[in-house]
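Given below, in the form of structure tokens, are the structures.
What follows is chain A paired twice: with chain B in the first complex and chain C in the second.
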Partner chain A sequence: MTGLLARAGATPVTAPHGLPRLIPAGAGADPGLAAHLARLGPPAHSPAGAAPQAGPAIIAAAQAAGLTGRGGAAFPVHRKLRAVAAAGRPGRAVAVANGAESEPASGKDRSLLWLAPHLVLDGLQLAAEAVAAGRAVLYVHRDPDLARHLADALAHRAAAGCDRIATEVVQAPDRFLAGETSALASRVSGGPARPGFAEPPVYERGIGGRPTLVHNAETLAHLALTGRFGPGWFRAAGLPGEPGSMLCTVHRADGAGHVTEAALGTALAALLPGLGGPGRGEVQAVLCGGYHGTWLDPAVAAGLTLSRASLREAGAAPGAGVLAELPASRCGLAETARVARYLALESAGQCGPCFNGLPRMAAALAELAAPRPAPRAEADLRRWAGLVGGRGACHHPDGFVRFVASALGVFRDEVAGHARGRCRATDRAPFLPVPAPPATEADWS
Partner chain B sequence: MRLRVNPIACTGHGSCADLLPELVSLDEWGYPLVADGAVPPELARRARRAVRDCPALALLLTADPEPGRR
Partner chain C sequence: MSARESADLWYASRATGVVALVLLTLVLVLGVAVNRQGRLPGLPRFAATSLHRSVALLAVTFVAVHVGTAIADPFVSIGIAAAVVPFVSPYQPFWLGVGAVSVDLMLALIVTSLLRTRIGRRAWRGVHWLAYACWPAAAAHSIASGTDLRHGWLLDLGAGCVAATAAALAWRRRRTLRDAPPAQRAGPVLAAETRRRAAGAP
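== the complex of A and B ==
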């Protein structure tokens, strides 16, 4: 242990009060390891930590905190930790921080890795301790600047003697499905970043056939703080049934966007100005949960909160925290069709129902987005939705169907208008962010 | 026992639907739609044959209700 870590251990810190917890307010750049340790104290996994913890204690703390995954599925963290810890002898497991945020409309993991990488890396080490992992991996989309930034952060940690096991950075292709757990396991094993038929599951046989723990980068940042300040501190924010906070990427109708941290249970109207404030009337729909998420009517969204229990009433979920206002000036069907085309092109092309159904559904949506669509387009769309859901190796077709089905509900007046040759759009400029199609179909590595 | 399809391995030959029409039908692209639930005992023998004869080795019989993936 070097001076930096020992000094941090000798100086008492106070637990952050209120929000934000993860990215300090006003942080425009990563303050570096020394400032990170000065703010939060030594990491819980390090010998200088307040109470160096053994695996079972880390898992028990995650359970007491009620921490769930922040990558979209909200799976209880302690259950994943326990499953991987039980799946092999000590030193065999691989722990992975998944920073390959694939939603084009989400920027929260990227922000976290740029502004608070040490929090994610602390969490990765703590998770690695929890499952007695012999290998730690940080998985991110290919980005030379970010890779350099992370390499610097890791070099500083190595110099300070922060970590028991070195963290490798593995880069993923810029594909929507590259962050899916089985795609990640394949990529880190040296294969293509495509989803697999994960049987047995990745937590038993993942990277190189080893038990593999995959947690979203933000999830690990919360774990790092819970390890330092305890489950009670974590539960001071959020709801009893859904404690803590989560990062959200908010897109406003005026085109502005930002990443913000919100307690679970926060009213959507407090996050989206168009649902109640001065922006009221400028918003015709809210996209909740990203491109595998759900369109909501603004009148419905205004009564909901950022929690699984509340959003479930409207058939939605917080997902990875994407919230987007669709301005009144745009055509919701045109926006949905554009995103659907992108998602169809991002199919890994492996499962018949997905590679047959998604392009057809995207084409039918493009038809519905045009004036006087073929009368059968909507019926085709609904039939195909019934055929592709639940029939992929991964959840891409399921998320696609959820997104498209919610559009047919929320934009039903627009569907009726198009049938009569009328469209509400006064602005045809694309609104939701959609990346350019991949350079080559084969670029999965 | 439950019948499952590995959708990545499946290439839509359709032999499962020929051998086991009670449990497998084909969608409009020729890919199998498998009935939910346990395989009835009287169909177990033909289900095993369908698994064995799948040219893509994509049909599976699993003992338990499908475990949670991921």
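== the complex of A and C ==
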């Protein structure tokens, strides 16, 4: 295997043209390290035993590419890299690939780790090199099969001498907030996967008190490609202001779901068949950005594109790329109430406004989703939304309030119908995926 | 400055002082309610925190006017420094000094509360204990440095403030916290609220 890297360096590789970039089209399984190197050439990071490259060059390339985080917040990658690089002496920082996507409706990081783990691991090594990290961690949800798959991938890399520093895999509990940056830092430090206060920030004092770089797994995959083929190649897809592509998890009204890679600026109608073409009329609303995201009216969504600038007009954001069509046969309030109940029970139970406010709002929403709710249910929801928004240590209450408030807007006809005892639903089967709520304290570690 | 204006300032200082004492009592009672997870009629539990903050802001405003008018009033000479430096006022050095101590403690409480997310919960909590020194200082200053609270209905008001604080502290000692583990806190709230709604309770 040691010859793998040398062979990859000897064979010229052409940069992938068009999309998809991250997961090769038609890939049903991880093709392995040899095929990965044959497709994309040698990684941009230094191999085992080599002296590390200068971090500033890697950071400058990320800045020139305009790469932003793909975990939901779209924070500029170069700024995070620079902050961690400046926070401590070389070798002290920890670099983490965050593959613990908490969103039940999202499957993109899981797909990426199953089908192209080496791209994520390349990116993690490059990011670690950029900030002179002494430790690299891959953080994923608890899943024995995936853990075995990643251990195999890491063993192949070690045998081929791919990586300068070893990567350890840390598993997170299956909690909605476990992937939040401060929860991640707490979990990898040996504590429960619960969010903490944002000060001091994780990039200054994170895992074990060290400066910690946390990037979403997909972000690192993009970084690995940008390192190989350059910022110009990265910018060939997407918009000038929001370059590149992103993975989207699309849920169609017919129940089918898939992960797809789309350039920033792609029309939502091109990703969601229900917004135009034959599926038209089957969709009553679109959920954009997942369970901390925003419900959109299909007529509005049809005029928008996959970009922060466009979605902002409708009060939405791409988030981590979850796009879900709600079929006409379902009750939007019932779906929202089910998800709200799940989110409320996923409160980490640390901040009063969250563990007192969210369950109350969920109960009021459940009443609103039933026939003939008390007239004050909607007023209660709006009043409590104002009291809960902006409170707490993490952004769980904010995301919850955004999600619920958008439902009250988009499903206002349904709210009026329920008041008269009428509901549009012809199918009461749950549509949006919602896992079982936490049962015990042990579920958090 | 005419004698008429002077009397206005003197009355304003006394009146805002009395109102500030009532508001500070309310802040303390609300703070105890927040700390012990108490319910206020007609308010969800987490709204008590907002009310505690809002009334505290109002109380501080009254204290500021009270101190400002007392200093500006030429009837007695107090001096600007005496507002925050204890025991330097030429007029009633001791009891005005006690008031200045209470103002200083208030400033510490405000600054640490504004920086709460930066200094961490433990440091904030430690400083917030000073509230139990701040109120007695303010009350002692109110009763001893003025004569208003010693007669008539203002005496009843002052006694009411002391009684309310004593009752809140007694309740605080008796009330035990329901310390469910964090993961089991949202569930019971959801169940209770669902029951309350099903029963059609207000």
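Criterion: the second predicted complex is superposed on the first by the 434 of 445 C-alpha atoms of A that agree within 3 Å, B and C clash if a C-alpha of one lies under 4 Å from a C-alpha of the other, contacts with A are read in each partner's own complex, and residues count from 1 in each chain.
Note that in this section a residue touches a chain if its C-beta (ideal position, glycine included) is under 8 Å from a C-beta of that chain, and two chains touch if they have at least 3 such contacts.
Only a predicted model underlies this, so the values are computations on that prediction, with no experimental measurement involved.
Because the two structures share chain A, they can be overlaid on it, and in that overlay chain B clashes with chain C. Judged by the touch definition given at the top, the superposed model places A:Pro201 against chain B, while chain C stays out of reach.
In the superposed pair of complexes, A:Asn356 makes contact with chain B and with chain C alike. By the document's definition of touching, of the two partners only chain B reaches A:Ala73; chain C does not. Contacts of A:Leu387 after superposition: both chain B and chain C are touched. In the superposed model, A:Thr181 makes contact with chain B only, not with chain C.
When the two structures are aligned on the shared chain, A:Ala366 is found in touch with chain C, with no touch to chain B. A simple residue count on chain A separates chain B from chain C, and the partner touching more is C.
Among the options 3-11, 39-47, 75-83 or 183-191, the segment of chain C that ends up inside chain B in the superposed model is 39-47. Looking at chain A, you'll find residues 197-199, 350, 352-354, 356-357, 387, 391, 393 touch chain B in one structure and chain C in the other. Listed in rising order, the residues of chain A touching chain C in the complex are 194, 197-199, 341, 344-350, 352-360, 362-364, 366-367, 374, 377, 384, 387-388, 391, 393, 437-438, 440-441, 443-444. By the touch rule above, chain B contacts chain A in their complex via residues 6-12, 27-31, 33, 67-70. Of all residues in chain C, those touching chain A in their complex are 44-47, 49-50, 117-118, 120-121, 180-187, 189-190, 193-194, 196-197, 200. Interface residues of chain A, counted against chain B in their complex, comprise 73, 75, 181-182, 196-199, 201-202, 350-354, 356-357, 387, 391-393.
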